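Some structures to go through are shown next.
Both of the next two complexes hold chain A, though its partner changes from chain B to chain C.
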Partner chain A sequence: MLKKIFPSLGVVLVVVAMFLGLPSIYSNQSFLFNLMLYLALAEGLNIIYGFTGYLPFGYVGFFGAGAYGSAIAVTLLHISPLWGVLWGGVAAVLIGIILIPLLRLSGAYFAIANLAASQALYYVVSNPALEKITQGPYGIDLSSVYNANAAYYALLGVLVFAMVLVAFIRNSDFGLCLLAIKEDRVTASLAGVNIVRARSIAWMLSAFVAGLCGAVFGWYSAVFYPSTVFSLDVSVFTIVFVLFGGIGTLAGPLAGALILYSMYNFIGISTPQYFQLFYGLLIIALVLFLPDGIASILRKGKVYVP
Partner chain B sequence: MNLFAYTIIAGVMYGIFFGLVGLGLNIVFGVLKMINLAHGDFIMLGSFLAYWLYTLLGVNPLLVIPIAVATFFLVGFPLYYAFVPRLLRSKDPEMLSFILFFGASQVIEAVIIFAFGNNQRSIPSDVFGSSGFVIFGQRFPIAWLITTLVALAAFGFVYWYLRHTRMGYATRAVMANRDEAMLSGIDVNRISAFVFCMGLALAAIAGVFSFFIIGSSSPSMGPELTTVSFAIIVLGSLGNPLGTILGGLIYGVAVMFMQSYFSSWADILPYVLLIAVMLIRPEGLVGKAARSA
Partner chain C sequence: MNRLKTLIVVMTAAVLATSLPAFAGKAPKVITVGTLYSSSGPFATSSTSQFNGLKFWVSQVNKDGGVFVKAFNKKIPVKLTAYDDQSQTATAGMLYNQLITRDHVNMLVSDFGSVLTSVAVPIAKVHKVLLFDPTGTAAKFFTPDNQFVVLCSLPTSGKWPYALADFVIEKKIPRVAIVYSSNDFNQSQAVTLHDRLVKAGINPVYYEAVPTGTSNYSVLLHSIAATKPDAVIEFGFVPNDIAFLQGLQSSGLKFKMVFTIFSGQQLALIKKNVGDKALAYTYTYPTPPILKYNDVNYGPTLDKFEQAYKATGGKVDFLVVAGYNTGLIMQKALESAGSFDQTALRKAVADFSGKLKTMDGAFDVDASGAQVGEMLPVGQFVPQGANGVGMNIVYPQSLKTGDAIYPAP
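And then the complex of A and B:
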């Protein structure tokens, strides 16, 4: 047990050191912020997809719920943006609780129902009829509380939380329960795993992380629109990163997001279609040749991947 | 009352077309038990084929149907043999195929945006003549009637294929149980490949006529169409191709009612419908409780 905790701890420390140190070397804070955002989202999605096998295609729904939850708390209830972040997480968990019945669906059905749920949420939030609360399609303006540096470090906190959560799940009995559900629900429940409780907890934790991410993103962006925070691209990117790195590990999603998002930023940002094409081909290749991501290459070489 | 009658009739025609939109997805699901997440993108490809044939050569959309069918059979066979048998042998075909077709959808969208730009395109709706037609005192463009008839013909063809041809018998056997069909000597791979191509061709036909019902076509409309198609086939019943038309009708009439009476909430409808049906009656309205997933 201890032997396995040290590598995880090492990974967390390296990532923290990286994002504490990089701003003084590399001045593009917005890139570092987005990179961190996807690292955290990848770990959050990993909690539900990597350990239980439920692929949340509408993961962005939690992200958007977080952004709006915190923005509404800040603009209407006038609480501080840092507390607002927590509210964002809570808003996402509430959406997660409403969506718990979806977990009864399996495989692709769950994925599509979740996608539909995130779209439905998007249309609710962007509906002009709700302009008094959500500003409808006209977007949210948080520029009065804008503080890029504070948001940056808040996100680092969220990322650490997500990583510690994944490290804990991976090395605990709870994680083992989740993996059992992923392998075979019926057998898991026969072996005494309370599958409904376990998967619901994993689902809400995953939603919580995405909600925190969305809230910090809203804070950092100051001005955002429903189409930005409910963009399907957020789900897509996160899923690709996690798949590429290797699901169910701590380091895999981090490596996937780090490599692919950096590539996206340096090559593809001017013409997103290059990357859409590249990601599409990458997804196909991964499914056909490397369904367990780059982590599985290391594992074949008998290297332990934290 | 006038609005009510218009809503019902428009909803029925709209719904029959959307039945066609879902039909290809459902037939592929029935045979392969895979969800073709690139379905909406094949519809988009069909609409672009029609758009270019019309704009460059002035080809009537009705004549595009045979061209689309031929093209998509030519594309479909290599696609099938490149991916599907490999997927069926893998550990978790359902989930992996889902992700793979998602990748394919991204590739198609990106390639089309490269080739033609991310713009809305449309064919003028008076391509079939500008005369309208009147049902129960309500006037509709002639293009709606033609689209509805094409969709009904497509359903008729699928019915004839499944019920009155040898391939159709074999197809139904594969739908019922893949392994038993294989044991009784049916060339499961050949049937699956054929049906896969048929699914793509049906999607393309829906694409050809999408201009007249949806209004315009853009490279990024695929995912939304896939979700709507999925809502429709779940409503109808998964894996029962002819049930799709019922799903389409419910969807069409519901959309038209929302647009007439609660227009600001109309966009949300397909998604809520989808979630509701999946949770309450996942086997669909006319399906038997046979879904194994």
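And then the complex of A and C:
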């Protein structure tokens, strides 16, 4: 057991040290913030997709729910933005509970239904009739509580939480139950796994992480619109990062987000005209030659991937 | 004697120090202007036009040896550093930070519109960098506690329909229908118009929001027609205006007055999609190049600008003018600021605010940086035989070039 926990602990410590130290040598805090954001989202998605096999294309719905849940708590209930982050996570869990019946679907059906649910949520939030609560489509203004540094460290806290959660699931009996569900639900059920309970818990944990991320993103952005926090790009990027790194591990999604998001920004800044082409080719190559992500290369070499 | 010499030296130095322009440090070899543009995504068309206008300003000042910087008492060439945000706010936020913290640009210009400007406002404020905002018109960006944003080329969106409301009131149009796309930009205009009309005793017979993504107005138009309005005012973005005018044409419905926003700003694009016939007798906010201001006291006149820009092979639309105009505002700030720092630039902007008239109109910002000088008149498209449609400015009186044809034939 300890043999498995130490590498995971090492990964967590390296990531924490990295994001504590990097601001002093690299001044673009927004880049580091967005990088952390996608690392945390990748780990959040990993909980539901990596361990149970459910691929939520509408994962951004939880992210948006978190951003709005937190913003509403801050603007209407006048709580501090730090507590607001927690409210964001809770708001996403509530949406997750409402969407639990979707877990009865599988494969592409689940992915599409989930995508539709996130879009429905987007339209509800941006409905002008809800202007007094969500500001409708007119955008949320959190500039009175804007604090980029505090939001940065709050996100680091969320990232640590997400990593510890994944490390725990990976090395626990609960994680084994989830993996059994992923392999074969009927067999898992016959072996005594409470499928409904286990996958629902994973679903809500995954939603909670995305909600926390959305809440901190809203705080860091100060002014945001429904189209910003319900943008499908968030889902697409997160899924690609997780797939690139390798699902079901702690380090895989981290590596995927770290490499691809850095590359995305490097190409986006240096040669934006080639960005779409390069990224497209990369994804095709990934699907053809590395369907299990870069973690699979290490696994083939009998290296343990935390 | 020595004391007297020392006194003379000190006094001479003091006099020289006050008579020479103050400056912070050594003059840079280039003035770097940082901005973002969108080559793809929903804002690509508008953003590209605005960016082209800014690029053209850079090329023009460099052709002239650079921009005069009062703080160093000399002309310095301008370098444009621009990144592609692909219409994504998260990417835009990261890139604005890149411009400020990594590239250390001297002047910061935001991308087109409120959505892509929204992320720049808090970043600029935190880093105490003055943000020159060409077209991000949301009122929430301009607060008394933020001295680091200046709206350059348009008034805040809530102020846009002032002349339109006055026109409707003056014409005594009793039954007005207002349909608007549900977003910050359009809603603020709808609210202003609605409130002004109600105050004047005109209660709109129809006042509804539709999703910004609405692409078919057929059913909606019949619902509006059922309320028997004289004037139908549609506030939307370019795709909404196109869909609305197309729907109006295909439905065969006629109203005495029809208003859309963007036919006055993106005429070529809207004409291409709906044709001259659908535009005939409709109203809009005319902006340069349709609207010409004659009392320009800074920068080129519109005619000269059009001539120079067309020589490069480009086509002038309002956003090209808006991008170029932002360059002019920066140029004036550099020419006026006593020292080369962001606070001095902001103070310079406040000092020349209200005195500057460019081809985009009067430049006048309030204490929060919101544009209050520029105003959007009301124009009407009138058929011009084989030439398609032309534009008459019908309100206000000071800009009027023709009488409104009301009701529309």
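Heads up, the rule we're going with is that the second predicted complex is superposed on the first by the 290 of 306 C-alpha atoms of A that agree within 3 Å, B and C clash if a C-alpha of one lies under 4 Å from a C-alpha of the other, contacts with A are read in each partner's own complex, and residues count from 1 in each chain.
Following the convention adopted for this analysis, a residue touches a chain if its C-beta (ideal position, glycine included) is under 8 Å from a C-beta of that chain, and two chains touch if they have at least 3 such contacts.
Only a predicted model underlies this, so the values are computations on that prediction, with no experimental measurement involved.
Trainee: Give one of first, second, both or neither to describe whether A:104 is in contact with chain B, with chain C, with both, or with none.
Mentor: first
Trainee: Is A:55 in contact with chain B, with chain C, with both, or with neither (first, second, both, neither)?
Mentor: Only chain B; A:55 stays clear of chain C.
Trainee: First (chain B), second (chain C), both or neither: which does A:267 touch?
Mentor: Neither partner.
Trainee: Report for A:30: first if it touches chain B alone, second if chain C alone, otherwise both or neither.
Mentor: Only chain C; A:30 stays clear of chain B.
Trainee: Is A:276 touching anything from chain B or chain C once the two structures are fitted on A? First, second, both or neither.
Mentor: both
Trainee: Based on the superposed arrangement, let me know which partner A:123 touches: chain B (first), chain C (second), both, or neither?
Mentor: Touch status of A:123: both partners.
Trainee: According to the stated criteria, A:141 is in contact with first (chain B), second (chain C), both, or neither; which is it?
Mentor: second
Trainee: Check whether A:227 is in contact with chain B, with chain C, with both or with neither, and answer first, second, both or neither.
Mentor: second
Trainee: Is there a shared patch on chain A that both chain B and chain C touch, and which residues make it up?
Mentor: Residues 123, 127-128, 273, 276 of chain A touch both chain B and chain C.
Trainee: Okay, in this complex, where on chain C does chain A touch?
Mentor: Interface residues on chain C, with respect to chain A: 39-40, 83-84, 86, 88-91, 93-98, 101-102, 114-115, 118-119, 121-123, 125-126, 138, 140-141, 143, 146, 182-184, 187, 209, 211-212.
Trainee: Considering the complex alone, what residue numbers of chain A touch chain C?
Mentor: Within the complex, chain A contacts chain C at residues 27-31, 34, 123, 126-128, 136-139, 141, 143, 146, 148, 217, 221-225, 227-228, 231, 233-234, 265, 268-269, 272-273, 275-276.
Trainee: Spell out the part of chain B that touches chain A in their complex, as residue ranges.
Mentor: Against chain A, chain B makes touches at 35, 83, 86-87, 90-91, 94-100, 102-111, 113-114, 223, 227, 230-231, 264-265, 267-268, 270-272, 274-275, 278-279, 282, 293.
Trainee: Mind pulling up the chain A residues that touch chain B in the complex?
Mentor: 53, 55, 101-102, 104-109, 111-113, 115-117, 119-120, 123-124, 127-129, 232, 236, 239, 243, 273-274, 276-277, 279-284, 287-288, 291
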